[in-house]
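What follows is chain A paired twice: with chain B in the first complex and chain C in the second.
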Partner chain A sequence: MPSTYTPIATTTLGSATPTVTFSSISGTYTDLILVFTGSNATSNNGLRLRFNSDSGTNYSSTYVYGNGSSAASSVGANTTGGQIAVDINSTQATSIAHIMNYSNTTTYKTFLGRGSSSGTYADANVSLWRNTAAITSVTVLLGGGTSNFSVGSTFTLYGVKSA
Partner chain B sequence: MLNTLAGIIASSGGAAAAANDYESIATVTVGSGGSASVTFSSIPATYQHLQIRALVRDDRAAAINNMTFRVNGDTGANYTQHALYGDGSSVGAFGNASTNLTYGGFIPSASATASVFGVTVIDILDYANTSKYKTFRVLSGFDANGSGGVRLYSGLWMSTSAMTSITFDSETAGDFVQYSSFALYGIKG
Partner chain C sequence: MPDTFIKIASVTVGSGGASSIDFTSIPSTYTDLCVKLSIRNTSTESTNQIYVQPNSATTNLSSRILVGTGSATASASYTSDSSIWGYCCGNGSTSNTFGNSEFYFPNYAGSTNKSISVDSVNETNATDARQSLLAGLWSSTTAISSLKFLTIENSTGNSKNFVQYSTATLYGIKNS
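Showing the complex of A and B:
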């Protein structure tokens, strides 16, 4: 059986920055998995993805979250990024995002995110990029992109290839 | 062992598996005629855990459907499940005891926005163990720009038999449509 789940690239921030982009992603794999650990140096924001530098209102998200005392669900339509975690603040948070069949040119792109933010939320997110283009770059940002990720935040992109 | 645990954790909340511990076993992509069900059979017992990663839509005459799965062709009331879900405005939970299937995904159907597919990641732990019941967990959902839903499921197959096949189906009168795809992976121990 062919081995897979291959690290494509990793970035650890040496200075606070608002976006991290993985570019020139080949169509070699079936799915992409993004692993984020880090925090927000500016404010509290959702963790979002954009693809192929598309900053238009071509994304949407549905998510469910609990804060330790209650649970809720919300939706964001026509947003400028698809959410993969509800809240990234000054304390450590994680998110794992699954970008499924990213290089197919037939379907819109649906992606899942499981976020965990210490002291605030545990959450599950599903998001959509309304575009049939193959994804060749992934940009990670906080909210609308004006907040900075903290120094030491780590972003790793993996590729999974099916038989 | 560490890599095995990491591989499972990676599907929803942790580090990544070492590359050599995670292998592709088989993939099914639905063709132009659609498919009423998808089965992975003759699954080798050589792994510790399984993961299924799927992109799915069906042709039920509605906007949504549930994707189900059964193990080893068992259609008896030998499954249990629990769910936590959100649809964008409300959150809910449910459980079912002694059912004849378990949920494996939340998918769009014929009247959902065109080109939208649901996605699901299913982890099946200790699938070949012959001493304990088999436990599943699922992260799934789809979004259609203002509608959709996200689901967390846990499931149990009350059998100590080793799992050798898995069959996916639509819960209510639907065939999987073209471009739906199901990929089975094995994670070594």
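Showing the complex of A and C:
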């Protein structure tokens, strides 16, 4: 039985930091999974991903969310990162992102994000990076990258193989 | 690289049913925990609930939920002993249907408050179905060493039993 859920790298923050980057990701997996648990040391921001250091307006997201009293859906076009959780604040939160077929060089890259922040929203996100390049690095950030993740926030990137 | 999505324990409810499903003495050697459940309870209603109490905790539990019914969406928040929950089927639903849930516990052995994510569905080929996404929090810095799953009737909140063939599997996930 081959290994199908393989840890690539993990980071636990020892100091408040605005971005975390996983680089030199090999193309040997089928999909990537990112697991985040932590909080925002600065403000309230969406949790976003950027790929291959691309900070251009090449991302878009559609999401559905509930804040504890009402449900809604929204879209963000031409953003500088793809959303995987609607809003992270100072409450401990979780987001799990699935990045499908990340290493192909033919299609734009679609990814899913499931945000769980009991202080803000329960939400589901689908995002798109309009680029056909294979993903070799993943950067995790809050909003535009000016807010800090709290000390103790953890980030783990897994590779998933289809066979 | 080792395989890191590892089955720790699995429960299949027997013919007599069960009032709870318990995972105890969970080792702290994993990074995250994930429980996948297939559940039907003894309620005569179609749509019901399954919830978890980490370390049998009944306080400091809170959540926000997003629900889809097939015709509407809604959101609510909770601060009770059954705050961390998802939907399941009851004996009032279509025969042989079971609701499915995934409960995810990142950094369960850490010293921060415990964020918990729950996804659930109970699809029955009938009008009364649900899909939910829940953001939960156990405000405790204690490591999770046990998980108790209980089930209640949706409309009354009365305790119910898990029926035969309900299943739950606990997985440990390692980041190295």
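Methods note: the second predicted complex is superposed on the first by the 162 of 163 C-alpha atoms of A that agree within 3 Å, B and C clash if a C-alpha of one lies under 4 Å from a C-alpha of the other, contacts with A are read in each partner's own complex, and residues count from 1 in each chain.
Basically, contacts are C-beta pairs under 8 Å (C-beta built on N, C-alpha and C of every residue); 3 or more make two chains touch, one makes a residue touch a chain.
Not measured: the values here are computed from a predicted model.
Contacts of A:T156 after superposition: both chain B and chain C are touched. By the touch criterion defined above, A:T6 reaches both chain B and chain C. Ranking chain B and chain C by residues of chain A touched puts B first.
Once the two complexes are laid over each other on the shared chain, residue contacts for A:I96 go to chain B and to chain C alike.
Once the two complexes are overlaid on the shared chain, A:T110 sits against chain B while remaining clear of chain C. Touch criterion met: A:G68 reaches chain C, while chain B stays clear of it. Applying the stated contact rule after C-alpha superposition, one finds that A:N40 touches neither chain B nor chain C. Legend: residue contacts after superposition of the two complexes on their common chain; A:A124 is shown touching both chain B and chain C.
By the touch criterion defined above, A:T139 reaches neither chain B nor chain C. For the contact definition in use here, the residues of chain A common to its chain B contact set and its chain C contact set are 1, 3-7, 35, 64-65, 71, 94, 96, 114, 116, 124, 156, 158.
Chain A makes touch with chain B in their complex at residues 1-7, 30-31, 33, 35, 60-65, 71-75, 77-78, 82, 94, 96, 98, 100-101, 104, 106-108, 110-112, 114, 116, 124-128, 130, 132, 156, 158, 160-163.
If you check the complex, the residues on chain B that touch chain A are 7, 10-27, 53-55, 84-91, 115-119, 121, 139-152, 179, 181, 183, 185-186. Within the complex formed with chain C, the residues of chain A that make contact are 1, 3-7, 10, 35-37, 64-71, 91-94, 96, 114-124, 152, 154, 156, 158. The touching residues of chain C, counted against chain A in their complex, run 1-5, 31-32, 62-67, 73-77, 104, 106-107, 110-119, 133-137, 173-176.
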